[in-house]
């Protein structure tokens, strides 16, 4: 633990360049292998039977007919996945979500599964499984579910976090509170107060690759799992625990991942595939259909948020308050809590209070989605901030600059900020040509800010130097958006060699120590720290080997620009030894040369972004069109700027979809109406303009290169930026996301009539 | 269910297979022929990840029956490069980082190839509408459009 | 001695007080002493508490020292996407 | 399940007529395969009509155009003569699905799928297109609007196949147009749509007019009153107002995942106005 993670200013030679990614060629030739692209000898096809009811007691499941169908090799129900969670409530929820135990809790909840010799027989077998349901009243709306009279989803849950333990169970699982100061006092000092309620509908991460895995359990208790995941080590722990396997005997290999965005951070069908394989005695491939992906994986919370902000005439915010209700699906979560923490994180507030309520509904288990919970809170807060600026007669950017948090500000969620980028992003936006570009009729401009914490976490990396001087870097954080390129750059930088000499791979769970998953924008931050540490460890060995080759004390050897250099005039005749030279002799100087690193990458730097958006609205139809979009975000240090831009653009595009058209639509029967890409409308190419980006680099003091996470913050501002743009275009404040054409037209008609 | 015997041409090679009457071309390519470059993102023609070209027409292979390929010429991502020479679109996708997770990439490349063959000098709008049948959730399409624009320039010069 | 601030919900299980003076040299000792004083905190620690030291958030480094006079703030450990 | 590819329409009709279980006609397959995948139909027999001679052809006749049932919309869109004569029909056909779907889907399939939201159908109805039906008892020619009878249901009898769609030859001063509303710019099913077909007299006044609405009722609606209100006008503002009002009033829409009753009513009128303006301009009106 003598690794020093502190930032030290330096000139980079590799970091900050834009080389081609190491996994690129496989991906443009179709050779890259994703979850569904892998097969094993004797493999069966797994399929899952799902509840057609939003809420129902499972009275009886008769699988006998399915078992008798020729070609069916295993049929399982919850009985085949006994509860081994030992009081671990979060794992129990994951187990119950994988296979319903006593109740189906949402439309699409798994109730049984089959493994058969082909997909046709498997589908046929599902039809032969008879499930006797007792249908219960259901609830899918977050506000209605929080009411006292709402049907109870789990009668064992009593609201946590209240002053007194409640006497009756509730769908509200938890109340959380953040803030400081005295908001009553603050509002009393305000000259202007804006108070509004907002709603956002549930969205899905919308990764193009459905969940897919191949599971193989052997009679000796060893097992293999090939799977698309954001964290194969986490999947190993989950699966080992749920199936009673020894973790070290379950090897999990992460395939290439076709998008995750938070949706592949815990197991869904993988325990089912393993249980099927165990019962059938053969490998089982289980791939979700798109319909299953929407009905039974992923989605984010639907929310209902009340915001109140007051300011003095001079533009100083005196108090800010928010109450946030987030849906969790049928299992307890901490989604409103994150919303409550992030809501006012951009501002320097003397008096602030946020309260979050977690609400159970008969919808799929809420999963993380890129800066989970932050976009909805930012939508509500940034809409109200914009409105308050209008009431004050202040420019929306200037108003935010006046109230922006800075180094030393107490964050609304508690701690005091170090060096942060909200002020600089706002200044950059103020000076951006986009802000001055003229607008035409029916067009409006909006801007908004966003915040995300960024995470670090447990990380383990191996750096092996081949005898030819090439470097293989084995990391344990799944590459979701180009991190193998970034980490190769970091290794090259630290070793002082060329990028082309480094090849990074994602190692399986048996080849490397534990790694937390790629979430919270931690992939590049954490693994680059471990890579730097591993490279520095390797350099120690390289220096030692050079010293041996020269037969001089190792303390006289320094490492510069990829070479060992003998320090001092007495060694004037010793020409530097390159990494290649030393590697070539490694067999006789002590064997293989490697650097390893196991660390907890902590101290991730918080990240801020400000977005600008121009929207055109057709006042006769409510149709919207994004005309121009600009992202300004602090990266700390952009290791591979092209992929940083890609993260900014991708997050903005997802936010645009969320703001305008994406939503889960449930029928009165509690069934999902739009479980496909036809009617769950993610943006298509022709919906979007080019997305301009501006990368700011305010170094994170807790990373040697100043790196912060960049993956998530970009999805936080768009909902609000677009809502502000639409509101400015049509002159009506939009308070319900998505702002689909029917909602915009209805708002316009209400305004015209009233 | 009676199997259908099919003789077809895939990426220039004569191929024969037996498939079920309701089996899609995508299933045949992936599960029978080991050509897993075409991906199933939806199975309903909404995402374009399974795009292939059949007799010069861009199609979703999930919406074509394997039996329909009889006597046709099928082009897939596996046949896009010539030997070790990448197609200019493949090269430009790499240079522009027009992919993040890469699952949509084979479909985009096939669709873009079809687009440029029919329209060698597309405007940005023509590219955007031409590729609207291919969903990408990672990139926001910006770098994809730029890569196609750049490839079009290169291909015109070639 | 360090002054530790707990977030709203956690203070509810710590005698309703958000500020506590505690003699602790690192995060591990801080958690231990808090749990001794307020047993209700224990399940929260098990579920995960992050510690902000002068604004930098630590989630797993329990050996992290708490410098005298530092600003110590306890936060829930979060999920990301 | 059997898959067959007959070479003549007679064989196809014969196979369909004698089929015992559910049978399906496969042209482009862009609806059929989706319904099979979803388990909504499990045909015993799939009759691929693409090898039947003449079905993949567009022919220009003395009376107009004959568009074979297996002509993909992409091919239709590449036909300059049809595009010039019936731009509204062609633009409607070219709005169905993506480029990938365009390479497969057909206007005949679009018609027979009998979705009230089918893109090409309002344009075909406005164009007074006809369908040539081949069946066990011979051939007949019917108006396209008589084909769909409700969502997913048609008036075709067992064994009957539509082998072609007929479009009339265009007189001087004629124009048609089709507009649909979708939330995105591509890939969506029409929330509501309008097709307008006009002919003008020598002075630029509207001589004949047909207006059809999509996704506004269980089947595509031919709004005769809307056509009547246009006749004699030069599309002045008052006429357009009345057109919108009539179209909105004629709608019998539903609330669903794609739109609300109010939205569809209102936007049906807006689209009818806009499509009329385009058709009028195409017909040479000013």
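Observations on the structure shown:
So that you can tell them apart, the chains are marked A, B, C and D in the order they are listed, and the count of residues begins at 1 in each.
Note that in this section contacts are C-beta pairs under 8 Å (C-beta built on N, C-alpha and C of every residue); 3 or more make two chains touch, one makes a residue touch a chain.
Just so you know, these numbers come straight off a predicted model, no measurement behind them.
Top-ranked chain pair, ordered by C-beta pairs in contact, is A-B. Separating the centre of subunit A from that of subunit B, both taken as means of CA atoms, is a distance of 29 Å. We define each chain's centre as the mean of its Cα atoms; on that basis subunit A and subunit C are separated by 25 Å. Rounded to whole angstrom units, the spacing between the C-alpha centres of subunit A and subunit D is 44. Residue positions of subunit B touching 2 or more other chains: 1, 20, 43-44, 46, 129, 131-134. Among the residues of subunit A, those in touch with two or more other chains are 205, 261, 677-678, 683-684, 686. For subunit D, residues that reach two or more other chains under the stated contact definition are 38, 185-187. By the contact rule set out at the top, the touching chain pairs are A-B, A-C, A-D, B-D.
Across the complex, subunit A is touched by residues 38-39, 181, 183-189, 191, 256-260, 262-263, 266-267, 270 of subunit D. In the complex of the two chains, the subunit D residues touching subunit B come out as 1-3, 5, 26, 29-30, 33-34, 36-38, 46, 48, 50, 72, 74, 97-101, 103-104, 185-187.
The residues of subunit B lying in touch with subunit A in their complex are 1, 20, 30, 35-44, 46-47, 49, 76-78, 80-81, 86, 90, 93-97, 99-106, 109, 124-125, 127-129, 131-146. Here subunit A touches subunit B in the complex through residues 18, 20-21, 23-25, 27-34, 36-37, 120, 205-210, 256-261, 287, 289-290, 480-482, 642-643, 645-646, 649-650, 652-654, 676-678, 682-686, 688, 690-691, going by the rule given at the top. Per the touch definition, subunit A reaches subunit D in the complex via residues 123, 291, 620-623, 625, 660-661, 665, 673-674, 677-679, 681, 683-684, 686-687, 740-742, 745-746, 749.
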